[in-house]
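Each of the next two complexes has subunit A plus one other chain: subunit B in the first, subunit C in the second.
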Partner chain A sequence: MDIVVLVKMVPDTESRLEIVDGKVNESGFKYMVNPYDEFAVEQAVQFKEASGGKVTLLTLFSNDTSIDTDLRKMMAIGADEAIVLRQDGYRGDRPSANAKVISGAISEMNADLVIGGVQGIDYYQGATGPMIAQMLGIPHISGVTNLEMNGDKFTAKRQIEGGLQVIDCPGPVLITCQKDMTKVRFPALKDIMMSKRKPFENREVSLNEENDIQTNECSLPPARGGGVIIDGESAEEKVDKLIEKLKTEAKVL
Partner chain B sequence: MSSIVVVGEVDGNEIKDVSQQVAAVAAGMGDVVGIVMGKNVAEAAMKLSTAKIIIAEDDSLENYDPIKFSSIVAQVVEQTSSTKVLMGATTMGKDLGPRLAAELNWGYLGDCLEAGDDGFVRPNFAGKVLAKSNPTSPVVASIRNNAYPAGESWSGTVENYSGNIPDSKLTTTSIEKVGAGDVELTEANIVVSGGRGLESPENYDEHIRPLANSLGAAAGASRAIVDAGWVPHSHQVGQTGKTVTPDLYIAIGISGAIQHLGGMSGSKIIVAINKDAEAPIFKVADYGIIGDLFEIVPVLKSKLGN
Partner chain C sequence: MDPFHNYTSYDIPWWVILGIWSFIAIGLHVYQVGFIVKLIRLGKDDDRFNSWKQRMKEFLTDWLGQRKVVEDKLAGYAHALIFWGFLMLVSDVIDLGTGGRFAKLLEIKLLGNIELVDIWNIIVEIGYTLAGIGILFALYRRLIVRPEKLKGASMEGVLILFAILGIVLTSFIVEAGYMIGENHMNNWEPIGVLFAKQMEGIDSSTLGTIIDASYWIHMILIGGFLIEIPQTKHSHLIGTIPNVMFQDHDAMGTMNPMQTDENDIAVKTDDLDFDNLTLGVNKFEDFTWRQLSDGWACTACARCQDVCPAYNSGKTLNPMQIIMDVKNYGSEHGSQLLAGEEPDETIVDRFTPDAIWACTTCYACVDACPVHIEHVPKLTDTRRHLVMEASEFPEELQNLFNNLERNSNPWGMGAHTRADWAEGLDLKIGEPAEYLFYVGCAGSFDDRNKKVSRATAMLLKEAGVDFSILGEMEMCNGDPARRAGNEFLFQMMAEMNVDNMNSLGTLKVITACPHCFHTIGKEYEKYGGKYEVYHHSQVLNDLRQKGKLEINKFEDKVTFHDPCYLGRIGGETEAPREALGGDLIEMERHGQKSFCCGGGGARIWMEEDADKRVNEIRAKEASETGADCVAVGCPFCMTMMSDGLKEIGDVKPVKDISEIMLENLNTEEV
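Then we have the complex of A and B:
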């Protein structure tokens, strides 16, 4: 079983978001592995441990930032190798252009399973996975909370409104992981040491134009003014005042 | 005027409210054609508030399948020479939208807060930034629930889908209902969420769930108590959980970390109950009660319970 894991680098969740001339100032951003993708790495490694094969991390990222440490951490979990597609002018908010480049790389790899996170915590489109599947001409199942492998068949539980859709599918298939899927292990020291010797390839790719919709202007959402603190002598008085306000002022009850 | 396809979604015998909202938005943008796919969906499909409704009914469409659904919508787009496809940002819409965009070679905008002739607005960085675009090329967009008022139920002209339905290697074997009776977080008008201030999973069950039930609300959670295993991840609100935009969000024993705020600060009205006056949640709350949740919540529950 050869598995390709899609790993996206996203701005750290503590990054300061400042708008300059209608654009997010990204100069101070630090990047981290998209948390959802870590579940995918763990799941891929578990499958490899159960039935052999190879786990390849595949990342598309800009040319100027080193991400070796971040990806080595994923290799310490058990991934065998990393391929980083380096692109001048890379942006994380161009799912269709990015999916084109990534699917091009995957099509040369003979993967039985392509797996990644359900969405990037930067732009939240959840788009790259399904787009790659369409471009490769394979099925996809998104938002999966539980994935089992029996021979070359997969059974996925996909989160839907009010329940789980249980889906069978033979490989090759593309899966995107929800958070509940796996518990990411803490690698042992020897695995961390070993990870430093695993193959790590940086590969130049060119920038392509696709049909992605350009953002014209970014803004910060209107600040929510802190509202009123409801005071009162007792819990009962506070609650009465709250309910009154929710009914007559806010009109949401 | 250009044509717009609206993908309608059915829930039992009803058309989903979010589909009616999307239909209403689309009505301001051009000639609207609705497409509803499923098994035995005709009755509900006819309620979709679009001037023309195409119904694709087949046993093989009983459960959502990205390959079949994407192909059907792509064929409807071609047949109607449409330049936009709009759908609700449901678990189906967010899955179908990008696949369809790739099949059509169009752009995609996911989980939009606003859509209209003067542009689309979607959240970046969990809603901490709003990104506006004015697409001039064809686009598929999914639109978040509660962003717009729903269109009235009325039936336009109805037509049966006449294109083909491709084979798919995906087979849905069952639908598992989780927590019967629970209201879905992303569709709820009211969300009651609990955090670490509750101290134990038993207290979540004793204080949060009954209050949610009595309000017809969904029960949410902070990541702290999801990670602690008190409730499943499907309850998590925030940057690595669900984004909710209800009319009323009640945060109980939640500090209001930036990653939590990302998932709920788009709510219309926010109420916070926390014993720490300095808790950041009060910075976004419209109404705050500073106090011990174990004193406040039982009173709240008894007053709202009837």
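Then we have the complex of A and C:
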């Protein structure tokens, strides 16, 4: 079973967010592996451990930032190789253009399973995965919470409003993983070191911006107002003051 | 009356029987000791065969002088008397075993009528007497005082005490028998004379039987004791000799790098030879020989158990049990280990992960041990195995490691916000200065501890100290990762920090965190960074004493909680007190003997059962002093003590030394 895992690099959640000219200023960002994709890596490695095959990490990313350490860590979990599509001017908010580049790479790879996270925690669009499936002409199941493999058939479970949906599907198929699909292991140090010997390919790809959505404007959420602590000698006095405030300031009474 | 000329009823000469018994006893003793030596030699190298002059001095004070043994008054002096007594009397065994021929050799005239044998006699006599008194004290402690920690202890200790008492008493009876037989009271053996006077008047055949019996009881007990020594805690009679002689000469609390070169410098993470590297300890032979010898040096005195915060808060860990485990594991699996086979049970199985993760690395156990047993490294070494080899560790630690890797602080806050605490203070950031103020993670990211950083910086500015901070360049010193077993992550952080600090030309460092104080000051040298590191209390105290900071005497009643890594491990208990300067009310356990807040050893990031909290024990002790305020000198103590006091319903504030100083700063004159 050959598995391709879609790994997106997203800004570290603790990065400083600034809006410049209506766009997120990504300079100075530190990047990390999208947490949803970590579940996909772990699940793929578990399938490989159960029935053999190869796990390939596939990433589309910009040209100027090193992500070796992060991807090596994913390889330490058990992935066999990594291919990074390097693109000048890459942005994480263009699902259609990005899906086109990624699906182009996958179509040369003969994958039995393509698996990734349900969405990137940068723009939360959740669109790239299904688009790749469409472009490859294979079925997709999104937001999967549990995935089993029987021969070349997959059984996926999805949480839906008030219930559980169980879907059977033959491979090749594209799966996107919901949170907690499986528990991601912490690789032992020896595995981290061994991962340095695994193949790691950087491949230049060109940018194709036509036929995609355009982000017109971004803004930060309004700053939260500070709370008010009501002072008073006794509980009664505080309650009186609160009622007064609710009447005059909040105008809810 | 001379037992040596009596024959047994089978007409076998006494020396034949004694010869056979000696052969059995000495043979079994040597065989068993040899087995233990072979086991200990399975351990890895640890070159402690240096600084012989210092080692001899330590051996004389700690072993012969019983320096730390007597810290526990009753048990300690009882032990010292038995120990010194036995050293003085031990040659008598040779004399008794050779039928008095040893004493004959000593009949050499010294001064006037005094012969060498007389001097020897009085020494042996004093030896037996001291041992006898010591045993009576020890029996009094075990049978009448019965301290809490002895409840549930086996009867072995009492039996052995009675056996040794038997050895002492029978020797006096045999001495007395000699004197009666030769009709000469030897005044060089005064206790023997006392016994002889009591025995006069007994008819000679009964007396003969009593003396014969005493002689043989004496010899049987001594032989039995020889056989017993290697099997029980009495192995400490031998085990403490290498233990005390080869005690650790590194500063307390320092840990060993994964690999070192010939100059004892850590091999860089990029150059580590992973094919020939054992990460931590899981097998018996992963320990060093010196770690193994601890097992046979332990006397089960339980002083480590008494001071252990994990044990005293009801956790699985008992430091004494860890040491017993090493010995018992070796004894039980000994033949397998020596045959090069691997027992099914591992060291981690024996210690149990629960115990391994309960340690706060406060080093109270190591400090309390009279024979230099090193408990903590055994636990941190097994943690290394669990994290780096087995990947089995408390889930909370995975967050800790990820946070340290990504944002270089335990909470995972954005690294770019590290210097936000200093807003408006107009500090030098990343510029060369006389001192580097290494703020640390808690002081940079934790709201409560940010106030401490501000107070410290304001005091330093007030006194005109030239200092800068690293700002966003600063990283965690790596201690939380290291004490939690992730040595690799620690080393990567240490290497980056050393690069940053060296590029700034840093030589002198001030920090308000004792863990930074310890790690940067005492551990970084092996990673290429040699700095003079001061705890902020040391610098602030110096400024106060020199009159650069005028602090008014405060009126609050304050108690100071010594942080482990400043006091016991860092060796600094005076500066914080003098920096505070007021009337302190001391907790019973303070200074070197302070009790951990529960936050060390990365414990602050791990779950702790509500009914087993170390900080509540310490908060109660602080509360009972009746002080208005608890002063601390460590950001983790700040958190743990604040939480602990809240938990027990005490509202008194917890403040850092610098905050109390700033509150009492005399601003009018300066």
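The working rule: the second predicted complex is superposed on the first by the 223 of 253 C-alpha atoms of A that agree within 3 Å, B and C clash if a C-alpha of one lies under 4 Å from a C-alpha of the other, contacts with A are read in each partner's own complex, and residues count from 1 in each chain.
As a working rule, contacts are C-beta pairs under 8 Å (C-beta built on N, C-alpha and C of every residue); 3 or more make two chains touch, one makes a residue touch a chain.
Keep in mind the model is a prediction, meaning the values are calculated, not measured.
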Contacts of A:166 with subunit B and subunit C, given as first, second, both or neither: first
Contacts of A:14 with subunit B and subunit C, given as first, second, both or neither: both
Subunit B or subunit C, by number of subunit A residues touched: B
Contacts of A:121 with subunit B and subunit C, given as first, second, both or neither: first
Partner chain in contact with A:188 - subunit B first, subunit C second, else both or neither: second
First (subunit B), second (subunit C), both or neither touched by A:136: neither
Subunit B versus subunit C as contact partner of A:32, first or second or both or neither: second
First (subunit B), second (subunit C), both or neither touched by A:215: first
Touched partner set for A:79, first subunit B, second subunit C, both or neither: neither
Which superposed partner A:224 touches (first subunit B, second subunit C, both, neither): first
Subunit A residues contacted in one complex by subunit B, in the other by subunit C: 14-15
Touching residues on subunit C, where the partner in the complex is subunit A: 272, 274, 279, 388-391, 393, 398, 401, 406-407, 412-417, 488
Residues of subunit B touching subunit A in the complex: 11, 63-64, 66-67, 70, 90-92, 94-95, 97-99, 101-103, 105-111, 119-120, 122-135, 137-139, 168-178, 182, 184, 186-187, 190, 226, 232-234, 236, 239-241, 243, 247-248, 258-259, 265-266, 268-271, 277, 282-291, 295-296, 299-300, 303-304
Subunit A to subunit C touching residues, read off their complex: 12, 14-16, 28, 30, 32, 185-190, 192-193
Footprint of subunit B on subunit A - complex, ascending: 11, 13-15, 17, 19, 24, 35-36, 93, 95-96, 99, 121-131, 133-135, 139-143, 145, 155, 157-170, 173, 178-180, 211-221, 224, 226-231, 235-236, 238-240, 242-243, 245-246, 250, 252-253
